[in-house]
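Following this message is one structure expressed as structure tokens.
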Amino acid sequence: MSLVAREVTIRFGGVIAVERMALEVSPGEIVGLIGPNGAGKTTFINCVSGTYRPHTGTVRWLGDELLGLSPSTLLRKGVARTFQNVASLHDLTVLDIAKLGASARKDRQSGGHLLDFFRSDSALERELLEQILEPLELADVAHKPIQTLSYGRRKAVDLARALAAYPQLLLLDEPVAGLTSHEGMAMAGVVRNVRDRLGCAVIMVEHKMDVVMSTCDRIVVMAAGSKIFEGLPAEVQADPEVRRVYLGEP
Amino acid sequence: MTLVLQLAVAGLAIGSVYALIAIGVVLIYKCSGVVNFAQGAYAMVGAYVSYALLRAGLHPVLAIIGCMVVLGGLGSLTERLVLRPMLKAPLVAVMMVTLGLLIVARAACLIIWGPDQIAFPKVFPEGAISAAGIFVTYNYIAAGILALVLSFGFLAMYQFTRIGLQQRCAADNTRAALAIGIHVSNQVSIAWAMSAALAGLAGTLLATLNGLSLDLAGIGMIAFPVIVVGGLSSLFGALVAGLLLGLLQSFTDGLLSPVLEDFLREHTSIYSVGALQQVVPYALLVLMLLVRPQGLFGRRGTERV
Amino acid sequence: MLQVSDVEVHYDGAIVALQGVSFAVEAGGLVALLGPNGAGKTTLLKAVAGMLPFELGEIVRGEITFNGASLKGAHPATITRRGMALVQDGRQCFRNLTIGENLRAASFLSPKTAAERLDMVFSYFPVLREMRERPAGFLSGGQLQMLTIAMALMGNPKLLLLDEPSLGLSPVMVQSVFDVVERMHRELGMTVVIAEQTVPRLLKLATDLYVLSRGRVAMHVKPDEADEEALQRMYLS
Amino acid sequence: MRLRHAAAILALTLAGALPARAQVSVCIWGTITGPDALVNGMSYGIRDYLESLNQTKGGIAGQKVNALLLDGRYKLDEELKIYRRCVDQENAVFISGWSTGSVKALSDQITQDGVPFITQSYASEVLDPKKFPYIFMAGPTYEQQMIIALRDLAAKGGKRVVIMHADNEYGRGPVNVIRQSGVVNQLGLQLVDTVEFRYDAQDLTAQMLRVKSRKPDMVYIQASTPQAIVILRDAAKAGLAGKLFIGNLYTISPTIPEQLGEAAEGFRAIQAYQFYGTDIPAMKQIEAFGAKAPIEKKDMYYMKGWMEGIAIAAAVEGAIKQNGGKVPADIKQFREAVRQQMEAQTKLDDGGITPPLDFSNHQGFVQARIAEVNGGKYVPVGDWIDAR
Amino acid sequence: MNTRHLVIAVAVALLMGALSLAFGRFGAYMVNAVAIAGIGALSLNLLIGYGGQISFAQGALLGVGAYTAGNISNAGGDGLLAILGAGVMGAIISALIGIPALRLRGLYFAIATLAAQAILEYLFKILDPITNGVSGLVIRPTTILGIPMTSDRSLVVPSLVILVIVWVAVSRLMRIDLGRSFLVLRESEIVAKGMGIDVAHAKILAFFASGFIAGLAGALAGFANRLASPEAFTLDLSADYIAMIIIGGLGTWTGPLIGAAFVVLLPEAIQRVGEAAGLSDILSPLRELAFGLLIILFLIFEPRGLTALLSRLKPRSLAVPAPGAVPATGESLPP
């Protein structure tokens, strides 16, 4: 196991958001994290990605402790994430965002900002276009400010940014929420492709069950801050407890 | 000892005027999230309006009330005409627009009343109390007491009356206030009106002490150290910090500067520390921001970004 | 009592949040608005209560009437004065004020009957009586939810709108919130609209059931006609 | 604001930027608005004298004078801008400038440009005919004024001196010169404290309490009228009598007794020019001029300006006459001639405002006396003293 | 490299150079003033417009530059060295001012910069050996690369060259990762953090870069005025610079220069028009009034500044949008 999270607990003002959450993910595996609203899925992702600092617990990635590291350090260690809501960054183009994502890559670290000043980045541009923007159907809008794009495309941009870092661990927070089913399935396809190409581990928080079912290798169900079920997609669908959580008690 | 007491009296009197100004700034900030650079302008305009009313032969009490009414109108007018269209504007733009108001107010007063200092008509009886070596003019006592009474009166109103409750609701949570039927924008207007009226009073009091000139607007800048020290969201903090800074400035001028200068003249070639009181409030401000950013009486997490 | 017809809402000038939504609430009814995250439930309630302009939202088409009068362009405070109360998402109350002050503030529209309604509210929520001197900021999530409902009641509304009152509450707390809603509906005869994601109990309480999906009304049924299979498909698809 | 308007304004600006046509041009910048506006009478004085020449004599030596009064607002960048406008665009043959700071900043350029310049600042550092051959002054320097006051105290048997000054060059500069010269001790006096304050201070109560605690026999104010008003008012609050205080010649405005009443009684200041309204020949001219146009400031500073106007006009007239009654075609030549004429004036009668002026050493004159506020008016309390 | 920006920058500089030749010494002085203000505005725009960090201490930073350059030049250093030294010193002081920004945000930080301005102003008056106190440091005419800078005209050359370099450099900066992270920072610190941007690092670099450019502007101002005086680098100057970037257009590429030209030339324009109209007596307050009213009106009616106004009047005009300028719908500018 390359990602091992144990006993992760975080409280906000006395309310327990995540309680003794445990999760393990192997390279090349896509794990779906589902559960009702307020179950603590995003909070857990935030703990892993360095946005929140949990009160207790450990999160180890290839043996290194991740807790306490800033998101920028994590990104350089190969941990990238996307967001539920896309930020409004109206001055930046799609390509700009992708480049920002790529800046955390090890091969782009050399030299620093002063060298950037004089360095041409057309090679990087081409690479990003071909490898990332093209599959996400963003190549045609690469030079447009993201604010002019539709919601679905902006979500794709957010994914592109995370992918541009060539992550080893990818955390996706509701990547297809708000997208049409066509867009959603396309996005899911990209996630699988990326996993195949980079061999990275993926944790995906998502409500859309069709996407989850068709994309994930394994599914973890959270409720009230803890894991209540873990298993293969087919098992999850059949589990009465999960059905109860999702539709409420009949 | 006499010197200390006398400095304390002078500091408290000025500090109570600072408090009036700062309470107004905090009031506006709480209600609309705007930090008003033009508070000093309200003070200056208030003093000029009082002057005009006094010159027109009004009784001082009526003149002061009239000034507060005029300033209140001016305050709500600025809110409606200038600040409301900028509801969604970035912070720097809002700060700048209040600076623009300050510039406009100065220019307008300059056109109407000219650049020269003006002797302010007597509002309070002349004379002074002299006891135990302490010498305090009636004007000082009256201005200090009036400012303090009004500050406390205002705090009481904010805490205990219906309008005060609505003000606090509007300041606390806009969405909740709307949901219980409070016209939040009206409350914001009221906050600006009250704030400007308080500043107008402060300006008038200051003019009775120091005469009337355009430089009176400069008092608005002291509000920033005061509100940061007191806590940006605490009216009571503004009151306490106003008094505190008044005292601090007074002691800096009267005690710290001479002691420092005596020492430096004795031991070094440095002869003067300059106008030290100009930076002391800001030094305190920086210290406060680094040690306790929420201020003396502010709550943590009140910072709105 | 409340009539929403063919309403379309845009956010930020471009993003379409609601499209051609129509629904109606009869006096004395208890209407459930169901739907997953982002279906437009909150937007719909905000549109009804006049809160949209404060969040860059705009009703670009359609008509909302309350007791026969149009609410077009009405200020939320005005709408509240006409007898509608919205319990918003995020437990909107005044956290720096005490619970007593919160309730007092909420009753300022009809101060005369405030005292007796305060007694009534405390009978519904005894815990608030015990904590009336404490600042609301210290309350737990469930207590806050109670406070916000209590505040809505203090305004003596004819129509009560609740936006996901069970969100983030423990199962026990959810039960007690719904107990209160049921009591209000039964004892006070209050008309209620509740937006929720999934609460089985609501299916029993409701007199009318709307399912929203992607900004449209996907289904309108009476609870007894509600086909669980169909509902489940709505969510899982 | 539409683009067209912007273009119109731009065009007008450019039009204004073309060289002025009047052949004799004198540029005056003062603080029309700004912290020192109370003592700006001299700016009006110069302009009004030159205007009166236009009205009564058709200008200087038959040439109309363009007297341009500009507002430097006591702001350095504004003053530096105005200087360039005067030299370059207005082709001024004589310039009168205001703040000590700007005169110091410009001193090199004034020499470089070769333009005669009369300073309203009495900073001794720019009074050096060798180093600054184009800068003139009309009256005792700040240091000389201070010495007059110190001598007076010594003569009366006082001992303890406090000096108060603003935190700008005008305030700090001369005080440092006096302090370092040791003149205080030579006179048998003791400098017990110097107090610096912000030049736009509104409240100096604490400083006055500090002064009070030093038990001075005399407090010298190196500041202008606005600050003197604050000092005297707050001195009264601290229970210090007006007669302790004595100010330089920029504290002799009638505004002081007008505004302060009782608190100003006994306050003394250095007087170097006759007061407005004194029965002297120049006053007749002023009154004649005032019959046609309102006089902005009826105070001693106006008299000072009038006197400077006389000096400027005399030098310009001399230069034109020297050139056979014509204005020299080359402005550089003209300016040089005016400078020489200015230096050549050794016994210029200014209608009694001052003793006959002698600009051979660039200072005009150096006598002064002390005046005291008595019954709401400044009354001379001593004889004219030569301050050298 | 964005050739278009380079071409525009050089063209504008050449135009300004031509103007300075056409209108004599006063014209040269004004062109110089516009260029210096433009450099200063570019530096502040970098900080506020792109980085979202509100600072009221820019006036004092220019002062730091002027004093540094003055001291180096008076000690016999070449003008170029003095200018670069001023940049470095400005950068250091600016980074120091920026340190509280790591803890404070938005309004609190803005107030902290007010304090920085006040404290620096006080230091200018008090640090006699460096600043010559209230007298101000008289700066003797410098020589740049051996060429004496004795006149306003000769100074126009270095000012315009530096303007072009800074202008193009800012444009380039916004096209590398650092500049892009400024833009994200401006929108939201939380988003920036989430995206893996090292917020502290980016912030300090924003202050460093802005301070460096402000230092350059300060050095040029010192050489132009031949005096570095505490009275010249006050809060008023800081406010003027904020006005410039807001009037010009916050976070745009051409905005700072347009705003600088506007704020520098407007008073003079009103002055001349007023004189022609015989309003000399109340011109000063009128100028202030117009300035204040314009700020208010711009903020209310055209919050995106002159750049937006010009581009609306003439769709394909001088007003080149910044690297991905604010689109028409983007009514919320940086916080």
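Letters A, B, C, D and E name the chains as they come in the text, with residue numbers starting at 1 for each one.
One rule holds for everything that comes next: a residue touches a chain if its C-beta (ideal position, glycine included) is under 8 Å from a C-beta of that chain, and two chains touch if they have at least 3 such contacts.
All values reported here derive from a predicted model rather than from experimental measurement.
Using mean Cα coordinates as chain centres, the one most removed from subunit C is D. Chain pairs B-C and D-E differ in how many C-beta pairs are in contact, and the one with more is D-E. Distance from the subunit C centre to the subunit D centre is 75 Å, each centre being the mean of its Cα atoms.
Computed from the mean C-alpha positions, the centre of subunit B lies at a distance of 36 Å from the centre of subunit D. Centroid to centroid, with C-alpha atoms defining each point, subunit A and subunit C lie 33 Å apart. Touching two or more other chains at once is no residue of subunit A. Multi-chain contact residues of subunit D (touching two or more other chains) are listed as 32-33, 167, 172.
With touch defined as above, subunit C holds no residue shared between interfaces to two or more other chains.
Put simply, subunit B touches subunit E in their complex at residues 35, 82, 85-86, 88-93, 95-97, 99-108, 110-111, 221, 224-225, 228, 232, 270, 273-276, 278-279, 282-283, 285-286, 289-290, 293, 303-305.
Listed in rising order, the residues of subunit C touching subunit A in the complex are 15, 36-38, 140-141, 167-168, 170, 197-201, 228, 231-232, 235-237. Against subunit E, in their complex, subunit D makes its touches with residues 1-3, 9-10, 12-17, 32-33, 69, 71, 73, 75-77, 80-81, 84-85, 87-89, 101, 104-106, 108-109, 112, 167-169, 171-173.
Across the interface of their complex, subunit D is touched by residues 23-27, 29-30, 33, 125, 133-136, 138, 140-141, 150, 152, 225-227, 229, 231-232, 265, 268-270, 272-273, 275-276, 280, 283-285, 294, 309-310, 313-314 of subunit E. Those residues of subunit E lying in contact with subunit B across their complex are 48, 54, 100, 103-108, 110-112, 114-116, 118-119, 121-122, 125-126, 128, 134, 189, 235, 239, 242-243, 246, 250, 282, 284-289, 291-293, 295-296, 299-300, 303, 331-335.
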